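Written out below as structure tokens is the structure these notes cover.
Going in written order, the chains are labelled A, B and C, and every chain counts its residues from 1.
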Amino acid sequence: MLKSETKLILEVCDLHANVEDQPILNGVNLQVYAGEIHAIMGRNGSGKSTLSKVIAGHPAYKITGGTIKFEDNNLLDLDPEERARLGVFLGFQYPIEIPGVSNLEFLRVSTNARREYEKKEELDTFEFEDFVQEKLKIVKMDPAFLNRSVNEGFSGGEKKRNEILQMALLEPKLAILDETDSGLDIDALRVVAAGVNKLATPNTATILITHYQRLLNEITPNYVHVMANGKILKTAGKELALQLEKSGYDWIEQISSNKEENQ
Amino acid sequence: MKTECLEWLEQLPSPDGVLASEQLIGRESLRNLGLPKKYSEAWRLTNLKRIEKILKLPLAQSNQYENSIDKNQWPEIPKDGVRIILNNETNYKTNLPNGIRFLSNDDIKETINLSHQSIDETNDWGVSVNKACNNKLLALKVDGLEEQSLEILIPSQKETLNPSRILLVLGKKAKLKLLQVIIGEGKSSNNNLIQIHLDEGSELNHGLICFGKNDSSLFTQACIKQNIDSKYELNAIQHGWSISRFEPRVFQQNGKAKTKLNGLQISSEKQQLATHSLVNFNGPEGELEQLQKSIAADQSHCIFNGAVKVPKEAQKTNASQLSRNLLISKAARIDTKPELEIVADDVKCAHGATISQLQEEELFYLRSRGIDSNQAATLLLKGYCQEIINNLPVAAERWQILNQIIENLNK
Amino acid sequence: MTGQNTVDKLVSKPYKYGFVTDIETEKIDKGINEDVIKLISRKKDEPEFLLEFRLRAYKQWLKMKEPNWADLKYPKINYQDIIYYAAPKKSEKKASLDDVDPKLLETFDKLGIPLSEQKRLSNVAVDAVFDSVSIATTYKEKLAEHGVVFCSISEAVVDYPELIKRYLGSVVPISDNYFAALNSAVFSDGSFVYIPKGINCPMELSSYFRINSGDTGQFERTLIIAEERSSVSYLEGCTAPMFDTNTLHAAVVELIALDDASIKYSTVQNWYAGNEEGVGGIYNFVTKRGHCRGKRSKISWSQVETGSAITWKYPSCILQGEKSVGEFYSVALTNNLQKADTGTKMIHIGAQTRSTIVSKGISAGKSSNSYRGLVQIGPQATGARNYSQCDSMLIGDQASANTYPYIRSQQPQSNVEHEASTCRISEDQLFYLQSRGINFEEAISMMVSGFCQDVFNQLPMEFAAEADKLLALKLEGSVG
């Protein structure tokens, strides 16, 4: 591996986090380089989603140890909006419905916030409409959704498309997609996956959090990590996902608990 | 307390005009009622000191109207729109669109008497004050199948008490979009009574914008009688009054009508805004959908009391009521009380109430897209208001109320 | 077999506990005045401080007005026509149950509360109160081994005067309301529970209140103190004979929970409700309040209210300690001309306090059933949360169900959520069950019990089944 030549985008070191005094992350280590796609798998409650929220800066989680570096920035010092402007994007597992707030306005305000940071010019209402029309094609989304309230009354698939649309508009350096495949039928999954593939570049990185192999059939990861009890237990290539699909998580947890006993 | 009321009644001009008999009724009931009392359930949360001030104001004079009203802030009337300005003598004779006409004095007498059944002024302070001192009435009838629209503007003169009254009758299958705008001025009080009769199959979209400022107060009562198959939709917004009390009362005479009540009150500084609604189903198969929202900022106080009565006659009623409240300051306060009284067994009735601040998850979602927390909060507040404002008749857009609200909240 | 008539027929069942025990009773003269209060106090050999407490309350009561705000109409009560003290003759509490009048034991046997050593429930300690006095408390010795005090309040006044002085009236002050003041002046007996630090009370505690005399008011007083890290589950049951006059029951219950303590208080109330025409029955005007004084303390009220002509009670929690928890689970069933106005008050004072309200009202006949509740979040209660759910079920088109939730918040960092719904037993549901071979009455009772399940789940095991049976009895009618 020629990692020294590519740029380190994300570096998570010995990360510990609590929610309501309950430890959820117990020492996560992860390095993500430009151009890479990582998949994080694991059972429910293993800490995958927490990891993604902690990277994005969700206020409900308390960091009790470790660091997260994003390029040259210490992410833990930054507010969620500052992280987003730097280019960290979290695709939500359950995108939030916000009645009354126009989707179009929301997209425009957030796009401009990111553009301002990138020193790109601000888009006015008309320019933005053109810009968004372009991006809509990537996710094959009906423009009618722009005029509705943010995610309100969207079906599961529409919500996920709206997430990928945001990703397309914000052009992040690191996209973390938290169970973007859950609740999607096969056609919607393909559209979403095609969008993700299209947006991946040699200068950006993607982390996919998922339960299932089927997303990884559409988006090929460079690395697959398995999480349990708030830690990454095993890291390997894409073949690990196939193995998990076949044999479940038990054997990995077995191996790792044996390891701990031997130590 | 009673004497203050009596003194006020003493100095009123003697009854005259088309409302002379109404004035007698109003004065008689005020004599018995006196000022509202703390220990009565309907007034226990009200800042009564501010109510007392109202009767100390002189009555507005219509000949003073031109000099004392600030028209600069009124948006222009749209090209084919009609605006009637109340308390301005000349405007009672505006050209009305085809399909809307002024009611004759005989019609007025008949209709006003009919509506006595739905207003119980003996128990009703706001209505009684209006009746006691008001001698002007705007009485309109809408007929035909074409949808009409109308704007009624009710300004206040500074440092006076401004009573006004509207009687609106929609004939069979008539349709109207009504925008009613009440504006408060410094140290003024506005008291508006609107009575609405909806005949079979008629539809009314009623927008009510009540914007006060600088120590102004408001009493506004809407009494709506609905016949079967009629539809009534109300979107009411209250903002900026030192004290205000809005009392919509819907009476579904024979059931089988649709009622939609949306309310939004946004209080800041030391304001106290209240909505006391009552929906009475008097026949089967009536429908109600009610959403009341409040935002309380600074040291303000928002009150909602929503009564729904479903008597035995009202089988197969379907009523839902939701009170959603945002408390955005530590010194603000919110009181909400849904009130459901049911004596029919085959009905669907649900109500709900929530009080919270802005949702953390919503804020985080916006922030995770690069929007800073102030801007995110503003977006959410706007969205919260927009759910109601969006339903106002189109004519309301020109009033740009959302911007004013947000500006005041960000002060 | 559908239609309203059948349902109507099913909703009433003769009152099973309406018998009168024929026993020699010592009663004082009707009426209330200072002498009567002194007499009650003397009869109970009370220390001076308690007499003073009573007299203070009496003076307060004279100044107060009988409330009329709850929309409950009833004939004016003549307070001079009530007997304020009645006790079975030779009623001094006996050292052994063998000395208790067999008629009394028999009465409680008949009520399903056997007291004698052979028959008594193995895991429930019972304090049996007959008219104005406690006649027996079971398992006292066993409880004493754990330091738990469970006795009548009259005994506690003599044996634990310091605790009484400190806590009596500390949660419900004598001037709290008209009926609380009256109770404080004339209370006769009731239960006292004290759980020392760190003790989980080893068995269920239970008081059983029986009104026997028709013209006697029942004014019991209950005080439960749970010290730090202790816990207790307490249950009260009540019945009364059928009289065609109305009897006043004005009890006061005070609960105090200190740091990490937990009190669970369950009530199965089945006072005589009057006949189909609304003649007779108990006026049940009760003040129940718990004070979560300590951090992380918890008070949970569960009630099944089926009796009384008029019920008027709002078991409440004052959530003062940080992270303290209040709960209220209620089933209220009204039939014929019964009126129930019940609910709770959750007063959030401390930070991160939580409360849950689940109320199920079932109205049948021409009865009226109201939920009235207050949720108040004070300015200091950061992070407070409340969830309330109030459901009503109407049986027949003569009954009424009302909901009056008062909600007030003065703290933005808090969350209040209230939901309410009304439903009836639908013909479709009935038909579905009947088509599976379940008979009509059983189907109704299944659905009512399903409707109440959230509340029954909160009752102590032994009583959940009983409560279910009680509702079924009230509703089923033609069976048995």
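Basically, contacts are C-beta pairs under 8 Å (C-beta built on N, C-alpha and C of every residue); 3 or more make two chains touch, one makes a residue touch a chain.
Everything numeric here is computed off the predicted structure, so don't read it as measured data.
Undergrad: If each chain is a dot and touching chains are joined, what shape do you get: line, ring, star, complete or other?
TA: Chain contacts: open path, no cycle.
Undergrad: Pick the pair with more C-beta contacts: B-C or A-B?
TA: B-C
Undergrad: State, to the nearest whole Å, the distance from the C-alpha centre of chain A to the C-alpha centre of chain C.
TA: Centres of chain A and chain C (C-alpha means) sit 55 Å apart.
Undergrad: Distance-wise, how many Å sit between the C-alpha centres of chain B and chain C, to the nearest whole number?
TA: Chain centres of chain B and chain C, defined by C-alpha means, are spaced 44 Å apart.
Undergrad: Where the centres are mean C-alpha positions, what is the separation of chain A from chain B, in Å?
TA: 48
Undergrad: Scan chain B for residues touching two or more other chains and write them down.
TA: In chain B, nothing touches at least two other chains.
Undergrad: With touch defined as at the start, can you tell me which chain A residues reach chain B in the complex?
TA: Going by the criterion above, the answer is residues 56-60, 79-81, 83-85, 89-90, 92, 95-96, 98-102, 105-106, 109-110, 113-114, 117, 149-150, 166, 170.
Undergrad: Which chain B residues qualify as touching chain C in the complex?
TA: 41, 312, 315, 325, 327-357
Undergrad: Residues of chain C touching chain B in their complex?
TA: Against chain B, chain C makes touches at 69, 377, 379, 392, 394-424.
Undergrad: Under the definition above, what is the set of chain B residues touching chain A in their complex?
TA: 359-362, 364-373, 375-376, 379-380, 382-387, 390
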